[in-house]
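In the part that follows, the structures are each spelled out as structure tokens.
Next come two complexes, and both contain subunit A; in the first it sits with subunit B, in the second with subunit C.
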Partner chain A sequence: MEPEKDEEAPKIGVYVCRCGGNISDVVDVERVAKTIAEMEGVAISKVHTFMCSDPGQSMIVEDIKKESLNRVVVASCSPFLHELTFRNAVQRGGLNPYLYDHVNIREQGSWAHKSDPEGATAKAIRLIAAGVEKVKHAEPLERIRLSNHQRALVLGGGAAGMKAALELARRGIPAVIIDKNAELGGHIKEWGKLFPTDEDGQTLAARLRSEVEAEKDIEVIAPAKVTKISGFVGNYDVAFERLGEGGKPGEEAKLTVGAIIVATGFEPYRPAEGEFGYRKTPRVMTMPEFIAWAGSQPNGRLTLDGREVRRVGFLHCVGSRQIEGVHKPQPDGRVNTYCSRVCCSTVLNQAVQVRKRFPSVSVLDFHQDIRSYGRGHEDYYIEASNRGVAFFRYHGDEPPEVATDAEGLVRLRMKDYLTWGEEIEASMDVLVLAVGMTPSPIGDLIDMLKLATGHDRFLQEVHPKLRPVESSVNGVFLAGTAQAPMTLEEALCSAGAAAAKAAALLGSEYVEVDPFVARVDEAKCTGCERCVEECAYSGAIVMVEKETEGGGKVKKAEVNAGLCAGCGACVAVCPTRAIDLRGWSLKEFDSMVDGLVSAAERLAAK
Partner chain B sequence: MASDYSPLILVLATSSCAYPGADEVGKAHLEYSPNIHVVRVPSPVLFPTDFYLRCYMRGVDGILIASCGSDCPYTSAYEKLAKRIDALTTLMKEGGLEMERVRLTAICTVCIKAFLKEVGQMEEQLRPLGPVDRAKAEALWEKAIKELEEQAHTKAA
Partner chain C sequence: MSKEWEPRIVAFFCNWCTYTAADLAGVSRLKYAPNVRVIRLMCSGRVDPQFILDALARGADGVLIGGCHPGDCHYVEGNYKALRRFRMLQRMLDQMGIERERVRLEWISAAEGEKVQRVINEMTEQVRALGPLNLPGKFEEWDKEMEALAARIAKEEAKRSEAEPAAEKKEA
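Right after this comes the complex of A and B.
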């Protein structure tokens, strides 16, 4: 490899993060920093408890200025969490943000080598040494500016989707809602009084719907289905199909948007046949079924199958907080270990309503725990207790057994831990299964957008605390229960946040994307055209005629940054190494390998 | 030596699939050998044959190429990559480098078990081989560089 031309000597700042013990409980970070400090080109090597905190970031900014650093390496968590954070810090220090390398010593260090602190420490040294050698060859890069389609697509027209679209339109950003159903409103329009305000779901949905209809900057396309999404932030091409009667495919059309908000919501958990007696008797029903049925009954007397209902039971945690080995796995082999967050307060709300509307009906509540965690939710618990609702508590690994008795009534048996494990048996006219939330079936969309999902199958954000409504795909945001079980308040709050994020992105006429595309060193290019032949993106690399110093003409390869996808296929076939990927040059990779291997050799020699 | 020999392994992991997949393993607090180093790349399709040979020459014992497989976000990159690795293994075989030192696989963003299986198997198949023969690798690397120089002034076929 030839020597670097007129490059200033590297003065690298290396920062090793403890991550509040997440890293330093396993990796000896002080030893790591000390070892790295001995490397050529490293000006300072420090440790901090939380590099991503304000003081941690300020330390980088100040050191760059004070020590005239010209390169920075941070060794902390995965680059997907904080690479951008530290690039921005480097920029605030006055350096080009790409003169930075991020080393992962948490997800691929302390967490993956917990029982081997010595091995994890040595690995951290090797990885940081690789990062230091790599960053020596980093070049200042400018982000690529592309035109931005200042319009957003909202997928799903439930409460969260409508709220997101309204927030966008009110900031002057046009929004398009696509929903599979003809009428917007999602699930809430099927529900009665909602906690914690006792507002009617249908009324609330109608209010949101009329606001959406009145907003000139919102276009509603429903019923319709998205069939294809391509492109990138600022420039998403979306193909969709309007649906005819009975969901039959109809007219196809396309639109282009700059950002996408995924508000595809949830589906209530569907119990399997026979799960707590479900579908074995019409007297066992899910919460949505109960709300629809009870809502249609006149106040005073409740009858089912021509028989007066005297006792209603509510069973918590159906389809939630499942335990492997106790509950039957879902079709994908997993159990739903998560808490659905809304069922407890829903049960308490419905229990109170039953007692108010049908005073002769007694109510039984079978729970593992009661999680009435939200503001105003506890009031429902107090009111339910005051109105004589009887509570029974089972253990998660001993779910109640449900059967039908000779009279056709529902019989429930369980061990009650409010009475120290007494076996109880209760018969009732109706048993309501408080079913949890499961994600909507949006596999197609997940594939199209390459979205990340969690172990619970819900969509996953970049960071639960720091970037809670952003997906890992640039320009795609998450709103409402597509992300996780939420109450209506929480879903609307998340929709507002997603809309604010999308509006900030779409407020500008252009978007900036990472500059990691191919570039050609004209001096080295011999015009052999191997790169053009290898490239899969039409027009991304072309041969252009250039004048030589002697007045002759030669053909040289030229990259169109807007069309280059940055895969690097051209790099491997260039015989003179005239092509490289910006930010991922072969020289940077070679240096990483050198840094890693030399550190390994030094460590072995000690 | 033989019993505690732990091969130095590089995992060339795609930024959109295998790298986040490796992160998931850590997030689940599942363990693998600390001698396994994951290097983030947009797509391993960018590496020419001599890159791999240079790694061996420098003392890397094995390279696991963790691609996106059929989930590859780049048009036809996976097919090209597979061809390149084919050519590399042929070359290694001719030059006396064990083919077990390179392995092409696909790891998705949540493929925790697949990642652990792949790196575990890689380690198992490398351990009996012992450290890489750096001289053989260097000879092959020199040959590859020479070939490049010859190509430099010929047009694409």
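Right after this comes the complex of A and C.
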């Protein structure tokens, strides 16, 4: 651990933001600033209407220079919004950007305590006091520089994976696609005419494939299976196996890349046996089964089992929007509460196609809601209505009951809320279950990459709004339906975004990462290895033998900054407090607690 | 204290789930008690019993820890680690005679703004019902007791040496 070189007394600038009234309508910001000004080490304490505005930021820059501030605290909105803004301002003022602390008095202050201005003001004072105490112990940190392999791996060559690879290659960044299937394209190949443009899925997939083949900077390895991934941002070592006939393992090989885009897509939901009559009769089929079957039939008449089909029903939301206590849980005990987003428009699309291709077949639609939300999707609803599709609406907690009748036809019973709860019963030749999406079974990849998943089992982004295509693992990005149910359009958008993020990372010969990683104070480390046991990232902490002054050997923990994710689990178990986290140190936390519970009381007592 | 006592609760919320949920609660304008003051950390797995005991020792009346739901931790299993340590801490609290209700661990995902509101309100009321913990005050009392004890021992020592000076001199 490098010794703190400047024992210089803190001169802290504190800035309290009114946020144009968002904060100051509730929190008495003037009183807050005055109270904080009394704290030891606080040189100036000011209020501004919009700290994030240019004048607000310039004020920080100028004050640092004029007043020779050496620490800065801004109390404003959530750190997710403007922590970086103010770090940059601090840097422009000539200070290290990590000599800064951000205090949230809006989302977790004025907005949450609107009817309690006194409480909100008291809380703001304490939170800022904690920030002031913390920043006193802040150290200048440098972002960590690591070498960078300027090449990306794209896992999965569906539409999203191919799009991501193409976008990378067009920016001059080589990409390797690994897919478990020999033919790239993913699921869109199976759907025939796609909403909302009526383009054929096969044709679209073929077009993407030929673009990929034409691109010299894209290498396709398929069919293949990734067997091991190690390393970190800029330096991922990937081992894979080419698959032979029938998925048999073949030749093994390795490659190194700087970033990974996960585009492993989805699998259609598979209903359990007996779920809405599935597998009890061939007349109940899933949407993919129906599309494949209907697509293979000539226009005009539709027959199944030698019998003319007169009526087709579509049941929405199978395997999606499930309700705890109503639907049977999945094998992992969860119910799929999410909306799969594509099923409604797919039903409408298929309903229209059935009415066009087989005019003698009537179509029934059983839904809880119709979410034809995208541009052009509503046109399918209008056309379906115009073409005589009959709509029925059930309540989510009263799913329809499905049985077969004496003739072998499918009979569906439900309460229809378009007719104020009337019990209806309909019989049909075919019932299509509009199944939703579930994530591809990629448990092995999730383990290898230490990816986070949401409650819905799809891969999870760092922040749904602010960092929507980044995983929590540095250098790993998410594209397409591996992350959540999406239409093709949305999947390609996300693929483009993931490629842009990866390209920005791979554009330079080195990568910079946040300096918030563990560090070891060798003098205190007793070599007990508890940190190594606690660490979830293999290789992030290792024990190394060191010579002692007397010539003996001792074991000390050493941190690999590239692999450390900065979670701090090791810090929590170190019996001698020898391991600590830069930027989130024990001292900083201790002083924050002090700021929260005692410093502010001392202030109040003054 | 002239003003009515208000519970002081320190919270440790993980950056990815619970802290974000607390932001969401604010954005959704859900109202809750201002007694809980949040310290953001990267992962609930960072919280060790000492953090909590420190907070109580410095004058907090309760401590709330918030992390991602099991399986959702951004560092894979930090929250399981937090849970394990929390169980250990509960036993320590029992031994120290501190009510278990003063320290609470909750899984709150980024989407559960309402849960932040509910948990904070519940916890505030619970701690209010328990009353002040006042560990610093207790420490002062203990310190006083220790001082008194030390004084008594010193007095007795002094008495003894008064009674035995002759013997000591003889030896010297």
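Observations
In the analysis below, the second predicted complex is superposed on the first by the 393 of 606 C-alpha atoms of A that agree within 3 Å, B and C clash if a C-alpha of one lies under 4 Å from a C-alpha of the other, contacts with A are read in each partner's own complex, and residues count from 1 in each chain.
In this text, a contact is a pair of C-beta atoms (placed from the backbone, for glycine too) under 8 Å apart; a residue touches a chain by one contact, two chains touch by 3 or more.
Because the structure is a prediction, the values reported are computed rather than measured.
In the superposition on chain A, contact is made by A:Arg530 with subunit B only, not with subunit C.
By the document's definition of touching, neither partner reaches A:Ile382: not subunit B, not subunit C. Using the contact criterion defined above for the overlaid structures, shared-chain residue A:Ala214 touches neither subunit B nor subunit C, since it reaches no partner. Look at A:Arg106: by the touch rule set out above, it reaches both subunit B and subunit C. When the shared chain is aligned, subunit B comes close enough to touch A:Thr576, but subunit C does not. Once chain A of one complex is fitted onto chain A of the other, the partner contacts of A:Leu418 are absent, as it touches neither subunit B nor subunit C. Touch criterion met: A:Pro464 reaches subunit C, while subunit B stays clear of it.
In the superposition on chain A, the residues of subunit A contacting both subunit B and subunit C are 78-80, 104, 106-109, 111-116, 119-120, 122-123, 126-127, 130, 450, 452-453, 455, 472, 516, 534, 536, 565-569, 571-573, 581, 584, 589-590, 592-594, 596-597, 601.
Residue ranges of subunit C in contact with subunit A, taken from their complex: 8, 10, 16, 20, 22-27, 29-35, 37-43, 45-48, 51, 54-55, 58-60, 69, 71-78, 81, 85, 109-110, 136.
Interface of subunit B with subunit A (complex): residues 8, 10, 16, 20, 22-23, 25-27, 29-35, 37-43, 45-49, 51, 54-55, 58-60, 71, 73-77, 80, 84, 109-110, 148-149, 151-156. Of all residues in subunit A, only 78-80, 104, 106-109, 111-116, 119-120, 122-123, 126-127, 130, 450, 452-455, 460, 462-464, 472, 516, 534, 536, 565-569, 571-573, 581, 584, 589-590, 592-594, 596-598, 601 touch subunit C in the complex they form.
Looking at the complex, you find that subunit A touches subunit B at residues 78-80, 104, 106-109, 111-116, 119-120, 122-123, 126-127, 130, 450, 452-453, 455, 472, 516, 526, 528-530, 532-534, 536-537, 565-569, 571-573, 575-576, 581, 584, 586, 589-590, 592-594, 596-597, 600-601.
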